[in-house]
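So, here's a batch of structures to check.
Each of the two complexes below includes chain A, the first together with chain B, the second together with chain C.
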Partner chain A sequence: MTAFLLSPEFRVVFLGIFLLMLDSFTKTDKRYIAWAGIVGLVILFGFSFFPGLPEGVFPPGFYLSDPTALFFKRFMLLSTILTLALALDYSKVYQEYIPAGRPGAGLGEFYILPIFACAGFMWLVSAADFIMIFVSLELVTMCFYVLVASMRKNLLSLEAGVKYLILGALSTGFLVYGITWVIGLTGHTSLDGIREVLPIVPQGYQVALMFGLGLILVAVGFKVAAVPFQFWVPDVYQGAPTPVTAYLSVASKAAGFVVLMRVIEPFLTVPGLEQKIVTVLTVLAALTLLYGNLAALPQTNFKRLLAYSSIAHAGYLLVGVASVGAEASGPAVGFYLGGYLLMTFLAFLVLVHVGRVTGGDDISDFNGLGRRSPVLALGLLIAMLSLAGLPFTIGFLGKFLIFEAAMQSHQYLLVVLGAVTVACGFYYYLKVVRAMYWQPVVAEAPAIPVPVFTRFLIALLSAAIIIFGIYPQPLLAMLR
Partner chain B sequence: MPLVLFWIFAILMLAFGLGVVFLRNPVSSALSLVMSFVALAALFITLDAFFIGVIQILVYAGAVMVLFLFIIMLLDLRGEETRRLNLAAWTGGGLVVAGFVGLLFKVVSTQPGFDFPKPPISRPEISDVALVGWTLFYKFNLPFQIIGVLLLVATIGVVLLSKKELK
Partner chain C sequence: MNAATVPWIILFTPLVAAAVILFFGRYSKPFSAGLAIGATLLCGILSWWLFTQPDATEPNQFFWINLPDIFSVPIGVTVDHLSKVMLVVVNTIAPLVFIYSLGYMKHEEGYWRYFAGLSLFLFSMLGIVLADNFLMMFIFWELVGLSSYILVGHYYPKDSAADASKQAFLVNRIGDFGFMLGILMLWLATGTAVFSQLFTSETLALLQSNGLYLTIACVLIFCGTVGKSAQLPLHVWLPNSMEGPTPVSALLHAATMVAAGVYMLARFFPVLEHVPAARDVIAWVGGITCLVAALMATQQDDIKRILAYSTISQLGYMVLGVGVAESWDVPMFHLFTHAFFKCLLFLCAGSVIVGMHHEQNIWKMGALKNKMPFTFLCTIAGTLALTGFGFHGIGFSGFYSKDTIIMWAVVKAPVLGWIAAVTAGLTAFYMFRLLIVVFLSVPRSEEAKKAQESPLVMVVPLLLLAIPAVIGGWPFIEHIFFHTTEPENVPSIVHYALLAMFLGGAGLAWVLYRRAAKDPVSIPLFANRLYIDNLYTWIVKVFQDGVAWLAGWSDRWIVDLFVAQVPSKLTWACGYVLRFLQLGNIQAYAFFFGAGVVGLIYLLIAR
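After this line comes the complex of A and B, so read on.
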C-alpha cells in the first residue's frame, strides 16, 4: 500500500481519478478542474525534489529511479502542467467542435486525459523491462488516440485521429514483434537480464537479434517522428487540438528518446552489434535532418511548420543518440529535450491565442502581430530564435552540446549536415518573425487580449530560455 | 508435439489469416479471423499450454469476435465490396511486405538451428492456471496495474468519442 502512496506515478493517477469524480459532480464552470489539475501537478512537481520511493518497493528489474528517470519525470510533469494551461486558453475553440448537450460538456475529459497520459509517460521513463515499456507506451498512446480525435465536429481532427490510430497500431505491431524476437533469443524481459545474457548469446544469433532490435527501432522511430516513419506527423499535428499537438510533440518525443537510449544501451556492449546500431542511427539521423528541414521551407501553415520543425529537431536528437560513444551524449540529448520543451510550449502558447482571435493558424494570420499584441510577438520572437539556434538561447546551447558529443565520437559527416540544416532552419523560423514585424496589419484585425496567467507563463518560459541559454549548469547538473 | 498436427494447424491459421485480408465481405473476414484464432488455440494446446488455448477460444474467438461481428453487421459496411483496387497502393504495400518476408526468411535461414532440445514449457507439477496467475499477479504485478489505468482511459475515451451528445 505504501508503494502506491509513495510512487509518483500512482499519485498522478489518483489525482486523475479524483478530478474525474470532481468532474461528474460539476455542473457549472468546468475550467476549475483544469486549475485543480495544474495545482495538483505543481504540488507533485515539488514532491519530486524530496526523496521518494525507497529502493526495492517494486520488484527489481522493472522500475528504475536513476537521475535520468528523475529528470524526465519532472520534464513530463512540467509539460503536462503547460498542456493544461494551454488547454485552459483553448477551451473556447474546443467547445465549438464537440457535440455538447449543454455548455461545458466534454471539457472535463479534455483536461483530465493528459493527466493519465502523464502517469504513463512517468512510468515509461522509469521502465527497465520490455513489458513495462510496452504497457506504459500503450497507456500513453491510448490517451492520445482519444485526445487527437476528440474535436468530433472538425473533419481535420477526425482525419488526424484515424491516421494516428492506424499508424500507431502498426507501430505497436512492430514493437511487439521485435520484443518477441529479443525475448525469445535472450530469455529475459528485463533490460538488466538481457545485458547479462547478451555476451553469451552465440555469434550466429546476432542476425536475429539485430532483426528484433531493428523492428523495435522502427516502432520508436514512429514515436519520435524519425524519417522514414514520419508520414503521420504533419496531418496529425495540424488536425489535433493545439494543446494536444504541443503535448504530442514534446512529451511523446522525449519519452521515445528515453526508451530508445535505454533499449539500445545493453546491445551496445556487444562488440559485433555496436557498429551496426551506430550505422543505422547515423543513417536515420541524416535522413531526418535533411527531410525535416527541407520540407519545412515551403510551409505556409504555422502548425504544419511546427510539425516539420519537430521532425527536424528529432534529427538533431538522433545525432546525439548516434554519438553514443561520447561520454556527453546522454546529457546532451536530455538538455536538448529540456530546451525543446521550453521553446515549443512558448510557440504553441502564442499560437493558441492568435488562433483563438483570428480563427486560423496560417503564418499570414501572424501578420503585424508586433503591433497587435507586443507581448505575444515578443514571446514568439524568443521562441523562434531559440528554435533556430541563435546564440545566448537554450536552443543554441542544446545544438552545441549535441555537435560536441558528435565530434567526440567522430561523427563528422553528421556535424557538417547539422550545420548546413541549421542554416535552413534560420530561413523558415525567421519567416514567422518577418510576418510579425514587417508585414502590414490587416485592417479589421482586432487586438488580442492576453490573460494574466498567460502573460506570466510567456515571461517565465522566455526568461528560462535565455537564462538557461547563458547559465546551463543547474540543468546539466541534474542530468549528470 | 506431433509434427503433423503443427503443420495442419499452422497452415490452417495462415490460410484463414490470408482470408481476413483478401475476402471482400467484412463478415467473411471476421469469421476467417475466428477460424484463425481457433487454429492458433489448437497450436497452443499442442504445446501443452491448455489454459492459454482454452482462454484463446473463450475470450478471442468467443467474446471479442462475436462483438466484432455484431458491430460489423450493425454498421452494414458495403463500401469495401465495391471498392476498386488502387494499383499504386498495392505495389507499394506489396514491396514492403515482400521485403519484410524476405528479411524474415534470411534471418531464419542464418540461424544456427532451432532444433536443439528445449525444456518443456509447462511443468506438470504446477498447474497452468497457477503459473499464469503467478506470472500475472505476482511477477508482473506493476504492469498489470498499469493495464488497469489503461482500461480506465479506454472507457473514458469510448464515452467521449461515441456518445451522440455529451452531457
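After this line comes the complex of A and C, so read on.
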C-alpha cells in the first residue's frame, strides 16, 4: 500500500494538496507557491531517474511502466515545471484580469492546478485500460477548463473557456460512447484484454467495432488538434493565459498522441482493420499538414501563429503515427514531441516577456526585438529555426526521423506533402525573425528587462535544442 | 595520452582556441594572444612527440555520415611519415609566427579577430595534413581558403584588401572545382575516398585498367594544387594576397597553406607515380611557373610582392619535383627547407616594414644594414638559402633541396631541367637586388634614415628561424626527415652551371643596383606581370559580366515571376481562404466537428 501511494503520480498529487493547503493559510503574495511547486517538481523529476516501483504493485494490464511511459512522465514533469516558470513571469498580466482584494491574492489556483493536471497526464501516459484512460483524461481536462477561463475579467479568456468547455464536452461524449461500443463488443476494458479478444471477434461485429474506434479517434483527434477537429485551437490558444496555452499545446498534445498510439495498437494487429485505420490516419495527417501550414501563412498575431503551428506539428506527428509498421515510428514520435516541448516553451517564454512589456502579442510587437533585448531575440530565433526545421536543431532531426519512418512504411504521399509544407513553415516562422531583426522599433520602445531565472531557462532550452540537434543519442536511447 | 588520441588533440586544440577567442577575445588582448600562442605551442610539442612515435597501422577514424552502401563520410587521421614531417613543419613555424605577431600586430585593429583567424587557419591546415581521405581533405581545403579569406581581408575597410581576399577565394574556387571533380571521379571509379584503400594494389589495378580516365582524374586533382599553390595560370591571387598582415603572408602564403597543394600531391603520390602522362603535365606546369614567376619577380618594387613571386617560383620547383622525381621525398624536402627560409624572409620583410613605418616600396629604403643589423643578418641567411648558395656538397639549406630537384629534372626532362637551372640564376638576381637595394646602397627617404631595429619579440623568432634556414638541408638533418635519392648519370656540368648561375645572378645585381637611386632596368612586360592580370580582367569583364547580366535578367523576370511570385501568392491565397473557416462561432465549430465525425466514420466503415 505504501509503495502504491509512493508512485510518481501520487507524489505529484501530494505536492498539489500540500500547496493547496499552504495557499489557504497564507494571505500574502502567492508567487512563492509557484517557486515551491517548481522546486517540488524538480525534485520529483530527479526521482524519476532512480529505480521505479517494484513489479506487481499495480494489476497487470492496468498501469504500464515501460520506458516510453517513463519518458513521457519526465516529459510531463518538465512541461509542468516550465509552465509554472511561465506562470511566474506572467503573474503581473494575470493579476490585472482577476478580481482580487489584495495584490497577489487569487493567484494560488493558477499555480496549483497545473500540478494536478500533471498528475493526470502522468497517469494517462501509463494507462493501459479504458477506464484509466478516461478518468485521467477527465482529470486533466477539468483542470484545463478552469485554467483556460481563469482570467475572469478578460472577455477573450472567458470566450476561450466556453468554447473549450463545450467542444471538450462534445469530444468527451464521443470518447465515452466509443469506449462503450468497444467494451460492449469485446467484453474487456483493458487494452491487453481487447488485443486477446479481437482476433476472435466475429466478422460481422467488425463494423460496429470500427464505429466505436472511430468515435474514440474523434475524441483523441480533438485533443491533438487534428483537422477537422481543430477549430477550437486558434480561439482557445489566443484567449487562454499564455502559460496555459503553452501547457495545452505541449502536454495535452503529447498525452493525446500517447493515447492515440496505445489505443490503435491492438486494432492494428487485426489484418482487415489495419488498412482502414492507416487510411484514416493518412487522411487526417494530410489534412492537418495542409490546414495547419497554409492557414498559418496570413497570420499576424503571434499567439495565433503558434496555434496554427501547433496544428501543423500535429500533422507531422500524425505522419509518424500513420507510419504503421515502421519500427522507428514510436521513437520518432516521442523524439519529435521532446523537441516540440523545448522549442514551444522557448517561444512562449519569449512571448510572455514581450507581451508583458508591449501589452500585445502581434508579430509587429516583436519589431526590433533584436535591439531591445538580444537575449530574448536570440532565444526566439533558435526556437523559430528549430520549429521550421533547420539542420543542427532538434526540430530538423525530429522531422527527419518522422519522414524516415514514413519512408519505411511507404507513406510517400505524406512525405512529399510534409516536405512541401515545411517550406510554408519556413515562411511564417522566419516572418517573426524578420520582424525581430530587420524591422525598425515602433516609437521609442524601452529595453525589456529579463529576470535571471528566465535567462537561465532560455539558455538551457536553446542549448538543449542545439545539442540534441547534433547529438540526439541520449534522447533516442530513452525511447528505445 | 597515446599515439591514437594525440593527433586528435593536435587537430582540435586550435579550433577550441579560435572559438574561445571568438567569444571572449574582445575583452582582453593578452588573453586572446596568450591563448592562441599557448594552443600552438601545445600543438608544436605534441607534434614533435608524435614524430618520435611509430606510424599508426590501424585506421583511426569515425563516421560523420554513415549510410552503409550508400554514402559514408569518414573523418579520420593518418599518422605516417609524410604527415608527421608536415606536422612538425607546420607546428614549428606556427608558434614562431604567432609570437612574432605579438610585436607586429601590437598597434593594429582587430587584435582578437586576427588571433582567432590564425587559430582557425591552423586548425584547417592541420586538418589537411592529418586527413585520411579526400573528402575530409577537401573540407579542410576549403576551410584554409576561408581562413585565408578572413586573414587577407584583415584590413577590410581598405578596398584593396577586401578585393584581394575576394580574389584569392574566387581564384581558388576555380582550382577547387577541378579538385572536387577529380575526387568524385576517383570515388566513382573505386567507391572510396580513403587514401589507404585507394592505394591498395587491387584499386590501383582497377584504376589503371582505364588509363585515360585515370589521367584525367589525376590532372583534375592537380587543379587543386594549381589553385592552392598558385601555379600558372591561377597564380594571380598570391601576390595580391600580400594585402594581409605580413605574419599572415609568412605563415599562409609562404610556409604552409600554399604548400598544401604540394603536400596533397605527395599524399597522392602512390597513385600518381603510375600515371606518367599526368606527371608530365604536372612537371611542365611547375617548370613554366617557376621560370615565369621568377621573371616577374625581377621587376617588382614592393618588398612583399618580390617575395610572393619568389614563393610562386619556388612552389613551381616543388611541383616540378613531383613531376620528375622518383619519390615524394624530393619535393617535400624542398617544401621543408623552403618553409623555413621563406618564412624567415617574410618575417624579415615584416621587420623592415615595421622599421620603415609601413613603407613597402624598396626604392624608398636603403642602407638599412646598420639600423637593423639582426634583420639584415637574417635576410642574408634567408637569401643565401633561397638562392641555393653552395658547392660540392656544402651550402645553405636551399642548395640541397633545390639542386636535387634540378638534377632530377635534368635527367628526366632536360628542357625543364635547364629552365629550372636558368631560374636559379634569376632567383639569385632578384633576391640580391632586394638585399642590395634594401640593406646596402644609400638611404632613399627620411624613413630609411630614421629606421630602427624591431623589438625583441620579433627579432628572436627571426633568429630561431635562421638556424633551420641555414642548416635545414644538411645531410644529417635531412636523413632524420627524408630519404631523398639523387638520380644516376647526372652530367657534372650541372653543378658548375648552377654555381655559375648563382654567381652570375648575384654579380649582375651587384653591378646594377650597388649605387642605383631608382631602378636602372625597366622591362614593362615583367613589371606588368606579362599582362596576365589585365587579360583576366578583360575576360571577366566581357564574358562573366555578360553572363551575369543575362542570369540576372532571367532571374528577375522569369525565375522570380514564375517560380517565386506566382506560387507564393497562390499559397498565401489558399491560407487566406482557409481563414474564413475560422468563423469564431461555436455553433459552426460544432457543425464542422460533426461533419468531421461523419467523414471519419464513413472512411472507417463504408469503404
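Operating definition for what follows: the second predicted complex is superposed on the first by the 477 of 480 C-alpha atoms of A that agree within 3 Å, B and C clash if a C-alpha of one lies under 4 Å from a C-alpha of the other, contacts with A are read in each partner's own complex, and residues count from 1 in each chain.
Quick note on the criterion: contacts are C-beta pairs under 8 Å (C-beta built on N, C-alpha and C of every residue); 3 or more make two chains touch, one makes a residue touch a chain.
Since the model is a prediction, treat every value here as computed from it, not as a measurement.
Chemist: Mind working out whether A:Tyr340 is in touch with chain B, chain C, both or neither, as first, second, both or neither?
Modeler: Neither partner.
Chemist: Considering only touches as defined above, state whether A:Tyr291 meets chain B (first), chain C (second), both or neither.
Modeler: A:Tyr291: touches chain C, not chain B.
Chemist: Just to be sure I read the superposition right, which of the two partners does A:Gly106 touch: chain B = first, chain C = second, or both, or neither?
Modeler: first
Chemist: So, A:Cys424: does it touch chain B (first), chain C (second), both, or neither?
Modeler: In the superposition, A:Cys424 touches chain C alone.
Chemist: A:Phe403 in the overlay: touching chain B, chain C, both, or neither? Say first, second, both or neither.
Modeler: neither
Chemist: Going by the contact rule set out at the top, does A:Val13 touch chain B (first), chain C (second), both, or neither?
Modeler: After superposition on chain A, A:Val13 lies in contact with chain B alone.
Chemist: Just to be sure I read the superposition right, which of the two partners does A:Phe211 touch: chain B = first, chain C = second, or both, or neither?
Modeler: A:Phe211: touches chain B and chain C.
Chemist: Tell me the contact category for A:Ile98 with respect to chain B and chain C: first, second, both or neither.
Modeler: The first partner, chain B, only.
Chemist: By the touch definition at the top of the document, which applies to A:Lys163: first (chain B), second (chain C), both, or neither?
Modeler: It touches chain C, and chain B stays clear.
Chemist: Touching chain B in one complex and chain C in the other: list those residues of chain A.
Modeler: 207, 211
Chemist: If we count contacts the way the header does, which residues on chain A are in touch with chain B in the complex?
Modeler: Listed in rising order, the residues are 13, 17, 20, 58-59, 62-63, 98-102, 105-106, 109, 112-113, 116, 119-120, 123, 129, 131-132, 134-136, 138-139, 142-143, 145-146, 149-150, 152, 202, 204-205, 207-208, 211.
Chemist: Report the residues of chain A in contact with chain C in the complex, numbered from low to high.
Modeler: Interface residues on chain A, with respect to chain C: 162-163, 166-167, 170-171, 174, 207, 210-211, 213-215, 217-218, 221-222, 227-229, 231-232, 234-235, 276-277, 279-280, 283-284, 291, 294-298, 424, 427.
Chemist: For chain B, which residues are in contact with chain A within the complex?
Modeler: 103-104, 106-108, 110-112, 139-143, 146-147, 149-150, 152-154, 156-157, 159-161, 164-167
Chemist: Using the touch definition up top, name the residues of chain C that touch chain A in the complex.
Modeler: These residues of chain C touch chain A: 568, 571-572, 574-576, 578-579, 581-582, 584, 586, 588-590, 592-593, 595-597, 599-601, 603-605, 607.
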